[in-house]
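Multiple structures follow.
Two complexes come next, and they have one chain in common, subunit A, joined by subunit B in the first and subunit C in the second.
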Partner chain A sequence: MSTYRKYWAFARVAASEAANQRAELYGRALFFAVILGVFAALWRAVAEAGMPLRAEQEKLVWYLAATEWILLSTPQRHMQIQDEVRRGDVAYQLPRPVSYPRAALAQCLGALLVRAPLLGVVAFVSAFAFTGRMPALQSLLWLVPFGMLASAILAELYVALGLLSFWLTDATPLYWVTGKLLFILGGLMLPLELYPRWLQRVALCTPFPSLLAGPGGFLINGAEQAAPLLALRLLFWACFSFGLVELLFWRATRSLQVSGG
Partner chain B sequence: MNTALAIELSGLCKSFRVRRARAVTRLSSVKDFISPISEHVIAVDHVSFAIQPGERVAFIGPNGAGKSTTLKVLSGILHPDAGTAQVLGLTPWRERQKLGFHIGTVFGQRSQLWYHLPARDTFELLGHVYELSPARLRERLKALTEAFELGPLLDKPVSQLSLGERMRAEVAASLLHRPRILFLDEPTIGLDVSAKATIRTLLERQSEQDGATLLLTSHDTGDMERVCQRVIVIHTGRVVWDGSIAELRRGYLGKKRVRLLSERPALSFALPGVRLVAEAAYRCELEVSVEVTPVGRVIAAALEQGALHDLTIEDPPLDEIIQAFYRKTSYRTVDPVPVPTPIRVAQ
Partner chain C sequence: MLKNLANTARFCWALLRTSLKAVTALRGSFLLSMTFMALNNATFFVFWWVLLGRVGTLRGWYMADVQLLFGISAAGFGLMQATLGGAVHLSTLIDEGGLDPLLCQPKPTLLYALGCRSQASAFGDLFSGVGFMLLSGYLSWHSAARALLCVLVSFLAYTAICISFFSLAFGAKKTHSLSRQLLDILITFSLYPEPLFGGPLRLVLFTLLPAGFVSYLPARVVKSASTSDLLCLMAGTAFYLWLAVRIFQAGLRRYASGSRFGVFG
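For the complex of A and B:
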């Protein structure tokens, strides 16, 4: 029980810190609103130009609001881990009676609990303001737990990325590659149904569509039918990412023991 | 292995594999990329020592001597290549998490406090990490707040604390779970004179109160003199001195500083082993190699030239002793030493 309490304490402290960094939080909210405004205008222009949009433009704005909400709520801890590995701070955290990667995940979840509600409100208000419409309330309610879980898995993948700093001098290039793959294969801006079939197949082999397009799709096609399969997929990717982080950390500490701090 | 000891190392060795670049030619970078060359660098070479519970020990050496590697082995972060180590009866690299409950660390250039939050939040977090009950955490926090005068600082964000205030909070945070051993790496680096003095006093007092063993690495001789009773010097991975600071002063250089305030404006000394360090009207400072010329002869020579108003005899500053020690030991090393008997380097 005390084990869970210590990770809960990490989450609480991270939540306090995220709440204290108001400028960053408001910056994210502003950026979010601007992005939604730009894309709402863009899709309106596309529709007015007579180009076909398989989904209604308002639905696309709500879709983007959902995927961006997941993405912007996700704490990206890889840079902090990279700094800690480079400076050697991680070595001094190892002697504590707490698992470093689990503490990192707990901190991500704490920050997520602060960011997600605020950005959720921004997403809702902005998307409603730009479209004048609201999706089915049920779909919105389904989106919340699935979006939060997707964000937590994404945060764990960033922890894994950070742990690669044990081997790489700089994990930033990998971060950029992962980011681009997430945007494209995850369907950040457009639902996967608009992609060519071969690209859809490729995307489905990665975790990214389950993290963004899956929950976002609730606002286009409804949630009831897609939810069970998506729940299974998210569960699989949650186990995968958790296992990956544990494996990387185990290998990393072994490498530290062999090659030094 | 003696389980009554706080720390016991025997024949500890640790080497690292480091990549070595080829001589610079046009193709060398390509070759380095395809087939890198690596070599073993010995960081710790048959290090042996034993530390009693409650002892305060300075672990010093020039940069790259092997201090941090030894500390990392002792805290369970690194596996040694050979030798044995016991910390509070536990093998650190096998029982790291268990050991974690009994050791604390302070690193002068790093912080364990959450930068944007009040120190109290970190204390509460550490209370959970070390599984302290709420009542125990309150009691410990109260005691440390009084001892370290943290009252007005606890609820201020760490980002608003001065370096001295932050270090007081850092040390208090490390002592929260009442560790039986505290590893300190440059705990006073960057602090002003009064903040250094405060930290040293607090460390000494807390160690005496809690009976905690301190193992301190520092390049500041003041930390060693004020806090520690014993010094272990490591150089090129090997222990080259293990004994008390007073013995290091007395036994190593065999030199004294003699300051004279004389009736005559200038004194002259043509004695072997006597060097004029500083001179002004009516005063001079000499460095005397006592093995060559006893101090008594120097004073007698001064009295022959006139009356003396004042006279002081001191050891040379510890900084100088240690610098000379490093210079001397860089030319030679000593054989591995048995534990736990304290050792002296043969002169």
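For the complex of A and C:
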């Protein structure tokens, strides 16, 4: 029980920090609203040119609202970990009676709990303002837990990216690649059904469609049928990312001890 | 007057050479960052490749037009970050009292703050931007000089905008993220076709968030060689530069020292 209390304390501190960083929070909210505005205009133009999808333009705006909500709510801790590794600060965190990567995950979850509700409201209000319509309430209710879980898995993947800086010094290029993989293979802006078949197959071998297109798809195709399979996929990727982070950290601390810190 | 200008130009050249040397010192890391940024930009284009592959044209904009728009914006931004990369770190300098050592230098503080950094990834933006411009098919021997001029104007417009956004730190604390988000919003707008945005939003895109001056107008000038558009572009950019310098100078008067000890040079 005391183990959980330790991590709960990390989460609480991170949540209060996130709540205090108002400029960043409002900046994200503004960026979110702008992106939705740009894409509402884009989908209107696409509809004029002949929509290549069965889905209506309004549903595509709501889809983007969902995927962007997941992405923008996700705390990206990789830079902080990278800085701690570069400066050597990570060395004095190792003797603490807490696991460094689990504390990082707890901090991400704390920040997520602050960001997700605010950005959720921004997503809802903006998407409604730009489309004048609302998707089925049931789909929205399904989206919330799945989106939060997807965000948590994504945050853990960013922790893994940060840990890679033990070997790479600068993991920023990998972060860019991950961002673009999310963009394409995750179906951030375009539903995957628009992509060529081979790319859709490639995407399904990665965690990205389960993190973004999966929950976002609830608002286009409904949630009841897709939810059980997506839950299984998310569970698998949660275990995978957690295992990956633990493995990376174990390898990193081994090499730290070998080289003398 | 002329001697002063020549001195400042020599100083700028020395500053540029020093920051380029610093950024290329770790050659492997430099090449990696540059390549990944170029790949990053290419990946973004998959979106347009898929979408325009399906619908063909969006309000009269074809793939070539989007490539040109993206190319100019990426090249202008890349050039800014490669040569005056300090622009996006102004708020951090202000917050942490990092302007202190620059204030006692005999050269202009703003120039020093802008030129003291270069980003390795910016070269990826620059090269991919030029690559997209070439791919668009709008570049020929006749239009090359015009395109170069447009990239330079886009670079100046980006510089002015960054100075203005990141000088917010003079007025309030911890504004770096907000300034960064404002810049991201501007970049986002600059990468999507102009006809998508109409009414009051278009006015905003040529005033408060001047995406029009970093990509729309330069792209129009490259395509149509319109003298009036070119004059409008240059006048607008000159105004934004003047405004940015004024904002920075006004902020500098409010600047409080960080009393930070450190070595500079």
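Heads up, the rule we're going with is that the second predicted complex is superposed on the first by the 256 of 261 C-alpha atoms of A that agree within 3 Å, B and C clash if a C-alpha of one lies under 4 Å from a C-alpha of the other, contacts with A are read in each partner's own complex, and residues count from 1 in each chain.
What we mean here is this: contacts are C-beta pairs under 8 Å (C-beta built on N, C-alpha and C of every residue); 3 or more make two chains touch, one makes a residue touch a chain.
What you are looking at is a predicted structure, and each value in this text was computed from that prediction instead of being measured.
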| item | value |
| --- | --- |
| Fit or clash between subunit C and subunit B when superposed on subunit A | fit |
| Partner chain in contact with A:Leu190 - subunit B first, subunit C second, else both or neither | second |
| Partner chain(s) touched by A:Lys180 [first = subunit B, second = subunit C, both, neither] | second |
| Angular separation of subunit B and subunit C about subunit A, which is computed from CA centres of the superposed model and rounded to the nearest 10 ° | 80 |
| More subunit A residues in contact [subunit B versus subunit C] | C |
| Contacts of A:Gln21 with subunit B and subunit C, given as first, second, both or neither | both |
| Touching partner for A:Tyr100 - first (subunit B), second (subunit C), both, neither | neither |
| Which superposed partner A:Ala41 touches (first subunit B, second subunit C, both, neither) | second |
| Contacts of A:Trp62 with subunit B and subunit C, given as first, second, both or neither | neither |
| Which superposed partner A:Phe146 touches (first subunit B, second subunit C, both, neither) | neither |
| Partner chain(s) touched by A:Thr172 [first = subunit B, second = subunit C, both, neither] | second |
| Distance of closest approach, subunit C and subunit B, by C-alpha atoms in Å | 8 |
| Those residues of subunit A which subunit B touches in one complex and subunit C touches in the other | 21 |
| Subunit A residues within the subunit B interface of the complex | 2, 5-6, 8-10, 12-13, 16-17, 20-21, 87, 89, 91-92, 94-98, 256-261 |
| Residues of subunit B touching subunit A in the complex | 16-17, 43, 68-69, 72, 75-79, 93, 96-101, 103, 105, 107, 110, 112, 114, 116-117, 121-122, 124-125, 127-131, 157 |
| In the complex, subunit A residues that touch subunit C | 21, 23-24, 26-28, 30-31, 34-35, 37-38, 41-42, 45-46, 48-50, 52, 169-170, 172-174, 176-177, 179-180, 183-184, 189-190, 194-196 |
| Subunit C - residues contacting subunit A, complex | 29, 32-33, 35-37, 39-40, 43-44, 46-47, 50-51, 54-59, 121, 172, 174-175, 177-178, 180-182, 184-185, 188-189, 192-193, 195-197, 201 |
